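Each structure below is given as structure tokens.
Consider the two complexes below, in which chain A is the common component and chain B and chain C are the respective partners.
Coming up: the complex of A and B.
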């Protein structure tokens, strides 16, 4: 694992979370450097929300250590909440309030409240103070949730599936609001979403988790560059002999052998040809969605 | 321009290609400033760090230079650099096509025929470059 560098803002070391007999997070370790965006992707129930809640200090870790901004999260719950911004899946804004009342309510908790920033974002999102929260559309509610998470100028922004159920326009406006508040600042972001295209736009580093475990952790660029699917045409009646190292997923169907590898290099096709009964190999580029699915499917087959 | 997340081409690469194309086409001329990192990040809805990475690459290859207090400015040799890069990319695409055709046992003569047809299909451009 990456050792603790001076510019590390978030550090998880062997973090685990157990609910009764269920292990939600098994053994999670990773670091997020200052000013970068980290994406956490995984199927439903992988432990993403639990992990983010532990970062916010909403849930205590069962095991391991969680340091954010140099502070142990469990012993500094108040400071953590002051210095982090959080957009949860289910927003916590009181439905009976008006937008302006919700703003006033939140402002009272934060000494670092940035009034001009708050005003600018409300204007960007066309959120009038007089509107009742319960009358807001899903998109407007998500945007208000983002304003409330950013208005105290947090050093770390945590977004947990913030755009679920939003239409493409609302999603784009929401993301623009995030991007506009990353530039010129050194804000660190943790973003979890099933909208993989949006994750790809937002983050530099991505972790794929499944059943509470990290399957891979990589820069987005390297993940796309080094994860490839190879199609081998098997000789009649032959089976693959030696799957390559770092095989993520593979399937044999008739003469077709598909194998996805996590450490592709240009000499791999020839190597594969020399160690397996294949007459031809072809390299197939993968999108983030393909890569995600192959990692998850590969795990399902193993068990 | 819109970012394509349905490809294995990294986003910073897509942005760099986009800028190269615009410089080669004369939309951004030598001495002119590229859009600010923040403005382009918001326009394309991508992380500003990613735009920074694309601009750094263009800086490294000499297409733009960072002027303090101004921003990234297209260099005098920027157009030539952009064309060279695009030519290389085009050559790569052709090579890929040729490899594909050869793997299907298509003769060299037929490959040339395919090329000529593709050329006429994509429209005639008079004059070419300067």
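Coming up: the complex of A and C.
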């Protein structure tokens, strides 16, 4: 099945995944254009890993349609895996293998294996071929995992919380390895991580997911530009009357009214003043981490 | 693909080492006992029944080796599919472009091939002992056990041993397709001949007492038939479960 937009590499349409009585992913739809980096962020148990595993063809969708590189994942899992690279949160490469053996083993499944790139990455990460996988530190294992995911020149790279538990140095080296490969503009990257500073640094588009549902999907620049927190000082004994449209989260504590909005415009503070008993208004810029927290808190309050 | 066969070998190397030890151990014990007797007792005088002692001396460890090899069959069956799930390396394999059918084919080639090698090696040793026996004693002009008698002596236990080994491997294989502990699969495989023989005994003596006379076959033969029916069935169901399984 060919995807609709020619430059779309990943296309999810109403994808759902149910495990027994638990719905892990519900009605998830988004597209990732070719050559972009897409970040999927969410709290633990939000359905990120399930979504990424469905993309890899490891888990079948309960409902919906998932196309990767123009191919239906459920009908062409092996063809798609040939063209994808995947770095999981925990890598379970056979512990008895040596680094060289793991590389030789994986090489045999990919006709597009790029030997110079593999050698270059091993050198960059100081990964000796004779080391046993069981003796590698967590950081080294993550790096080996990245080498195995990139050495066959995949068109799509999926990173599923690959830096969890890594020290800052190992994380930096890992990210540098990814960034060096991102220079190739043909490669599409899907990145899931709890380290939102890294996500903000790497991706162009971000999706926030909670309890299997996509809360927002936007380009990183737009999200940071349009999502702002407004701090209003309420008049004595007054409560907010009319929260602005697209309120993500709000909190009233004493006279302080904090409200995070998703479609900030320069005239919004004045509007807020005119429609609510507010004395002073201050606009606060947010980081991706703040935005993420507000989306999740706002959703929890709604529920 | 050679890589998958190599992976199967390395994954099961400890099982294979255990299998070699189990195979060789009875012979090593006999050789050690003989050396001990030669060195410290200096006696090679076995009396007039020298042929019988010679035959027993080598047939007993051969049969012992065969019985211990059953353990290898059960271990191979139990570890074949669960081993990777147990150490979670099945997840790593799931990210690679290897279809379940391909993985299964290589597992079958490796496991069935290994079992076949064990079996053929065992038959070869048995044949070697029988040949040595005839060469040694026919040259001396005394051959109390004729070839057909010896075949009657060896063939039935060999047949039951083969059927039991097959049952152990296939039952362990079946359970390893959906359980997560190789130890449990292997134990179920090892217990399966006991369960089947108890079932046959229960049927023959409790449910249907005229069982043997009505069917003109002893219960042992029914054990054999049950093994031969259950084994391919268990193997087939186990293989299907593995291929159709959603999770790695």
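One rule holds for everything that comes next: the second predicted complex is superposed on the first by the 297 of 303 C-alpha atoms of A that agree within 3 Å, B and C clash if a C-alpha of one lies under 4 Å from a C-alpha of the other, contacts with A are read in each partner's own complex, and residues count from 1 in each chain.
Just so we're on the same page, a contact is a pair of C-beta atoms (placed from the backbone, for glycine too) under 8 Å apart; a residue touches a chain by one contact, two chains touch by 3 or more.
Predicted model only: the values in this text are computed from it and were never measured.
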Notebook entry, point to check: Does the chain A-based superposition show chain B and chain C clashing or fitting?
Noted result: fit
Note to self: Per the contact definition in the header, classify A:36: touching chain B only (first), chain C only (second), both, or neither.
What the structure shows: first
Margin query: On the A-aligned overlay, A:280 touches which partner chain: chain B = first, chain C = second, or both, or neither?
Written below: first
Notebook entry, point to check: Which partner does A:197 contact after superposing on A: first (chain B), second (chain C), both, neither?
Noted result: first
Margin query: Quick one: is A:172 in contact with chain B, with chain C, with both, or with neither? Answer first, second, both or neither.
Written below: first
Margin query: Looking at A:78 after the superposition, I want to know if it touches chain B, chain C, both of them or none. Which is it: first, second, both, neither?
Written below: second
Next item on the list: Could you say whether A:115 touches chain B, chain C, both of them, or neither, answering first, second, both or neither?
Entry: neither
Check: For the overlaid structures, how many degrees, to the nearest 10, lie between chain B and chain C at the C-alpha centre of chain A?
Finding: 140
Notebook entry, point to check: First (chain B), second (chain C), both or neither: which does A:225 touch?
Noted result: first
Note to self: To be precise, I mean the smallest distance between any C-alpha of chain B and any C-alpha of chain C in the superposed model; what is it in Å?
What the structure shows: 25
Checklist line | In the complex, chain C residues that touch chain A | finding: 1-3, 6-7, 10-11, 87-92, 94-99, 246-248
Checklist line | Residues of chain A that touch chain C when the two form their complex | finding: 56, 58-60, 77-79, 81-82, 86, 88, 90-97, 104-106, 108-110
Margin query: List the residues on chain B that touch chain A in their complex, please.
Written below: 3, 5-12, 37-38, 41-42, 45-50, 103
Next item on the list: Could you pull out which chain A residues touch chain B in their complex?
Entry: 35-37, 172, 175-176, 179-180, 182-184, 196-197, 200-204, 220-221, 224-225, 280, 282, 285-289
